[in-house]
Amino acid sequence: MENLVYIALFAPFVGSLFAGLFFARSPKTHLVGVVNSSLIGIAFIAAVTLALHVAEHGAVHVTMMSWISAGDLSIPFGFLVDEVSVTMMLVVTLVSTIVHIYSTGYMNHDKAYNRFFAYLSAFVFSMMILVMSDNFAGLFIGWEGVGVCSWLLIGFWYHKEDKTFEENPSISPSWAANEAFIMNRVADLGMLVGIFLIYWNVGSLQYDVVFNALPHLADGLLVSIAIALFIGAMGKSAQFPLHTWLTDAMEGPTPVSALIHAATMVTAGVFLVIRANPLYSLEAVHGVSMFIASLGAFVAFYAASMALSARDIKRIVALSTLSQLGYMFAAAGLGAYWIALFHLAAHAFFKALLFLGAGNVMHAMDDELDIFKMGGMKKVMMGSYVYMGIASFALAGLPIMAGFYSKDAIIETAFNDGSFIIWAILVITAGMTAFYSFRQVFFTFHGEERYKALGFHPHDMYKYVLVAMAPLAILAISFGWFMDNFHEFITKNLPDYEMSHETHHLAPYLGGLVIVLALTGIFIAWKKYAGKGANAWKRDEEFEQSFIYKLVANQYYVPRFYDEFIVQPYTMASKKFWEIDKAVVDGFVDLIGKMSYKSGDVSRGMQTGSLSAYLNWMGVGALLLIVAAAITALIG
Amino acid sequence: MDYILSILIFFPAIAGILGFVVDKGSAKAYGVSVAAIELLLALGLWASFDTTNPGMQFTEFSPIISQFGISYNVGVDGISLFIVIMAALITLLGIILLRDDTKNMKNMIVSLLFLEMTMVGVFLSLDAIIFYMFWELSLVPMLYIIGAWGGPDRVYAAVKFFLYTFAGSLIMLVGLLAMAYLFHLESGIWSFNLLDWYTLKLTTNQQFWLFLAFFSGFAIKVPMFPFHTWLPWAHGQAPTIGSVILAAVLLKMGTYGFVRFSLPILPDASVTFTPFIMALSLIMVIYTAMVAFAQKDMKQVIAYSSVSHMGIIMIGVFAMNAEGLGGSIFLMLSHGIVSGALFMLVGVIYERTGTKIMDEFGGLAAVMPVYATVFGVMLMASVGLPLTIGFVGEFLVLLGFYKVSAIGTILAGTTIIIGSVYMLALFKKSFFGPVRHEKNLGLKDLDRRELTALLPLVAIVVWLGVYPKPILEPIDNSVKALLVQMENHAQLESTKEAIIVSKKEVK
Amino acid sequence: MFIDPKNITMDVLNLATLMPMLIAIGGGLVILTIDLIKENIHKSLYVMLTILILFVDLGATLGLNFGPNEKGFFDVMLIDGLAILSQVLILVASVLFIPLALTSKRFHEYSYPEFFALFLFMIAGFQFMVSSDNLILIFIGLETASLSLYTLIAMHNRHNSFEAAVKYFTMGALAAGFFTMGSAVLYGISGSLELYQIAPAIQSRMGEPGMMMFLLGGAGLLLTAFAFKLSLFPFHTWAPDVYEGASAPLAGYMSVVPKIAAFVVSMRIFEMFIDLQIEWVQTMIIILSVLTMTLANLMALVQEDVKRMLAYSSISHAGFVMVAIALATEKANIGIFLYYGLFMFTNLGAFAMLWVSRHKHRVHHARYDHPYEKFSGMVKIMPMGAIVMGLFMLSLAGVPPFSVFWGKVYLMSATIDAGYTWLAIIMGLNSAIAAYYYLKLVVYMFLKEPTEQVTKETTYYNVSKPLLTILGLAVFVTVGSIFYVDPLIEYITEMIRATNFGI
Amino acid sequence: MEIGISHYLILSGILFSIGFVGVLRRKNLLMLFFATEIMLNAVNIAFASIGNYYGDLSGQMFAFFIIAVAASEVAVGLGLLIILYKKYGSLDLDVISTMKG
């Protein structure tokens, strides 16, 4: 089994090196796409095999070699394949494989095709390290690794110029990439602090050692660790207030958005909380967990509200991702770790599908993102239409779809926990989710063919790409059916979450409420946006002037706030500091030099060249000595 | 192998003297060969180095001024070994990177070889006066390199560099002499031998003043805030090779001095001064990182970033535990490699375009992909990405310092944020976006000479990022020995508590 | 009483103690005689003759029995370790100096045999000065040497030289007045002119009312006189002008030999006061030396002429060493000689470099012979010359392992040992200031482009084999100091221990 | 009134001061030489009287030597003075100030 672990881990790495080292400078070749896709596929197969093995024989733990050892610290490259990580591995490799195949089509016209695959496979490798590592430091490697790959991939089209904020809220790919990286680093600091706290109080960073030691630690300490680690999770999973990078990250190629910014990387934060469930389920850190749940619920609503007004097809999806991450955190915070993980997986499938569908639309529309310019595209893009429809149904949480099971479970959990505010928010958000996802679907595929007037000639994606997307569609529909199997599998490792009897009893009504709300949302969207004819839909200019709309459309002015109150002051302060550095710090040094020089200039004035002056100097000196002698003698 | 250290020290100098005779045209080849042999010797030293022995090895001792206790006394331990190897490596690669049309190539090579002698000498000396000798001598070739091959303000920069460091080290000299006197009072003999000094127990008051004296010498060299202003000048004006060696090796002399002198000889004062050092270092880390962000000149960004990173190293030195101290020594190496490489890279683009102003570039990633890749790797190492060399040291330093001060560590930890701010801003301005000037469209990517110089560094960055053990282990051994030494010689109980050789209370 | 003729035997007279001086004086007379016999003999003969005489003198000096109480010639001569040591230094410096007369170009003074005769008389004067603790003899030695020196300066035969000689002479005359008055005061207190008798006499009368007034007054007068000789602030004003006016080698010589002699006498006199626990003297000397090194350094910063810069730097070095007198410890006394022994070669070397580049006409500057511009870009044209001069500058700046560094370290160490750490820090900082102006020359030589006037002809105008030999020797000694400092210290220590410091 | 040692010494002091002030105030080189001679002679008085007071001859000897030295000083000094006068045409101290700074 060890070999399988290494295959799953290193196959993507080999792919990355293959594309990066040998083909970085050569022109586009499909060989790279095929080889890399196959390698990720191999990793997927390895993951599946491992999953079966884990299900049967339990976790696999391998230690490759030691990495850092200094003082008492000893960090190995160790990998743990247990129920949790193997689930993540499956999700990651599966979605990656499909995204890789998809990319061979999507990136077909891009000059930097080979480079793209190098980055993408590197990302998969990092993500695998993240999920497979058996210690916090290893997790951090992956954590940072995915950060860098995300940076590279968001900024993939680095040649694009910076726009103003009004023109493009993301300014430019390279800007968005930097924003993502830096914002994540803010959170990483929290994570590092958590690691330090763990090390100095436990003496190890291995999961098993740490979790075994947790009960012996002081409450305050546990809270600090929990907070610190969660700060790390907030960055990667784009929780408020570190969320702005995620929508801007949509500057990257769409497969990247699908893989990194929807299915895998952004869920790393959730994974961390799930991974550290022995910590977060402790009584001492209950407050933190509740905070996580509340923040999750808040973000779910907050992101959904922004999605209501968004016009950019990718932003809508990104915001929905944000919103769903909120759901996951709500579940994890409430202690329903396995439900969170279940939603994570389900979400990965339908969200990746949604993104890839959106990618098809973009591809067809020559990278046009504004849904106001689309409409009625189902005729030309039937495949994508179906896929996006399925994904949206799943997202909206309609019955039999994957999202129905997972999201419903989360809402039920909130109810069961007695956190009715969270529950209410989540229920309302579910309705909003249905609305905005179908708003997008109807805008894009139904109604007037607005694109024609703009001179677009859309066509659907390559067939094989559409075929390759099929597994996602199937999973988006059917994943929920395996909820019980998953439950059985995963609760070997994660704590089970028992619904109370009452909740169980009320479950059909609760579920019904959600479905009703979702259907209402879809219906409103249908009414508003699906109509045909020139006057079927008109922009409500008046409403667009209202405060609420502006607030939402401007992302609650949070990016503005960051710009005005962090970026600009920082820039200003930097410039000021530089001036201070030159004028004061360096100036002081120079002043010493100048003063020495000046005093030299002054004192050379005594060298008048005139002998009588010299004699006077001597006389004065002698007199001073004599006077000093006299004074000293008189004083004693 | 008995005299390998002397050979290491004096081989470049002798080669430098002989270099006067070498024909102008083959001066570079001569320099490369000598530096390569020196590197091989250094690697040979590593090969025969007993990594399990934390003490001084290959020691040589011969009295010079026996009346006054000055002796030629050299030795190597895990702390100095790798800095020496790095010095040799950086010198070699720096020489390789020299353009063939460098004016006065012969003088350059000769100065570099002399500089190499002084660098190696500083790190191998176990006698305070010999240490001081190499310390001061290193200024002379550097003065010449900056002053003769530098930019328009080179003379100002070179003289500033020389005088500033010189002034600081003269006060350090007073400290060394006072130290010798105290040793004399105690033992009745004169000795400048460090190993002798290590046996001396000083009162806290004596330690206090001696620490300040040493501090003035080392802090200027590091350079610690607010004594850092010579560095941007020196870097701004120095030729590429000068900046590379300055950043990679010469700055390390300061931190090495703290490790070799301040900590073991003055354990109590070191602990007493930790808050002070921490405050200065934090200012270094944050303030200079912000200043770096404000720069327009690419080289100045890296110059200020050096200061910022040296702040992290300083914090690690004063962490008083094996993790932090070992980490800071590792960080010295990694910063040497990374900043050396970054300065080389700036030199490469400067040679092509004649400018270092970032706004002049833009879109270089498209024009010079290999260059951009190498730069990117170094950038990532610089911001401390795991699995690059930069992470290991930074992580260990912050980890170690957490024991001293949680708040301090969080503030110092902002380096991973603001460090990436200025580095990514640099990268974005220079490499991303559209190509801003027509003439930059035709820029050539790295040629073979440049790749020869840079790829080994890339390899090291990755190798030591993934597998730092071969280096970390000897460092760790020596660091632990040093901490034991500190603990044994501390006068105050509080000092003993602050020093953590090994965690006692693992739960 | 010594005037009783019956008691005098040759043994007591110990005429051998006079031998070194007699050799020098006799040699001077021989040179004059030769000139009487045959005129217009080439200077090389005189140079060689002088060197020979100096060597014989050196041999005679080294051959003397010495000890703390080795007296001679009516007990006015005192041949202790100090006397031997300083005479050796004086003679070695003189031997180094004299070959510098053999330049390729003809300079006025060296064509006169009187120059060499006067030179030998001057040496005899210095030798008397250092090998006596009798104030009369010290005075006579001092005046003999000074009067010869004034003349030697004037013989350079330029406007500036006369001006320099007159300035030096006039101030010297004033200083002589102070010295004699100081001696008179001491005589008045103690009734003796022998230092070894003065000390106990003072000690026994210390408690008397009003005594302190006279004591300090006398010390002040003597301090003035020697501060002048040692060019301590504010009595240094003559030094830059005299150095500028004198020929370069003579300036170099003046920055070493008269100072060594004056230091020896200062050691004898002032360390006696300090040993008598008269703290005032110590305080004053420290104040003077701090002022001297600092102000001289600051003034050196702003000089445009290298020779004048070196003059100020010599003043500063003297201030640096003067600290040792105030400390009055054995180590400090060793430090003085170590410092000057090492400084001598480097400084003479630097002045010799100036001499090599001395042009008949002022090519570069209206007033100065050696402006900085003269050395601009020298490394491009005359790399060896530049490197040699650069080495001298680094050595003077106190960069290890060059010679002056060891002296500095030793003196600073002595200062710390005596408990004056703050003073050591001032000394250190002064070295840092000093580094600037030494570096300025290095910068000119190595980092600037040559100007049109800087050519091999103008810069090596005066070069000759003897000059190069002396330069080579100076470089050798400067660079290789690390290898001989140990025996040097050992020798000096032995000599200092065989010295009578009065108490 | 009996003329005692203190009178001699006071005389000597006064003379010395006169000479000293002369050195400081006089601008003519020749006058300057005279002033220094006065100072030396003041010292001679002191030595002679102190020597007499102690009954010790060395004071007198010193005085003799001072006279001798003063004579040779004058010889050298006047020689310089003459050359200087030839070159500058003046003995004013302030004229002789080409070297400064």
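Order of writing sets the labels: A, B, C and D. Residues in every chain begin at 1.
Following the convention adopted for this analysis, contacts are C-beta pairs under 8 Å (C-beta built on N, C-alpha and C of every residue); 3 or more make two chains touch, one makes a residue touch a chain.
Since the model is a prediction, treat every value here as computed from it, not as a measurement.
With centres defined by CA atoms alone, the chain at the far end from chain B is D. Per-chain Cα centroids separate chain B from chain C by 44 Å.
Centre to centre, using the average C-alpha position, chain A and chain C are separated by 78 Å. Here the spacing of chain A and chain B, counted between their Cα centres, is 36 Å.
Note: centroid distance chain A to chain D, computed from Cα atoms, is 96 Å. For chain A, the set of residues touching two or more other chains reads 593, 604, 607, 609, 611, 615, 619. Shown for chain D are the residues that touch two or more other chains, namely 20, 23, 32, 96-101. Annotation for chain C: residues touching 2 or more other chains are 166-167, 170, 174, 240-241, 302-303, 436.
Under the contact rule defined at the top, the touching pairs of chains are A-B, A-C, A-D, B-C, C-D. Within the complex formed with chain C, the residues of chain A that make contact are 593, 596-597, 599-601, 603-604, 606-607, 609, 611, 613-615, 617-622, 625-626, 628-630, 632-634, 636. Per the touch definition, chain A reaches chain D in the complex via residues 604, 607-612, 615-616, 619. Across the complex, chain B meets chain A through its residues 160, 163-164, 225-226, 228-230, 232-233, 287, 290-291, 293-295, 321-323, 326-327, 330, 363, 365-366, 369-370, 373, 380, 383, 385-387, 391-392, 395-396, 398-400, 402-403, 406, 409-410, 413-414, 416-417, 420-421, 424-425, 428, 431-434, 466-469, 472-473, 475-476, 479-480, 500, 502-503, 506-507. Interface residues of chain B facing chain C in the complex, by the touch rule stated above, are 63-68, 107, 129, 132-133, 136-137, 139-140, 143-144, 147-148, 154-155, 158-159, 162-163, 166-167, 170-171, 173-174, 177-178, 180-181, 184, 209.
Taken together, the chain A residues at the contact with chain B in this complex read 24-25, 65-73, 137, 140-141, 144-145, 148, 151, 155, 158-162, 172-175, 178, 181-182, 185-186, 188-189, 192-193, 195-197, 199-203, 213, 216-217, 570-571, 573-575, 577-578, 581, 585-586, 588-589, 593.
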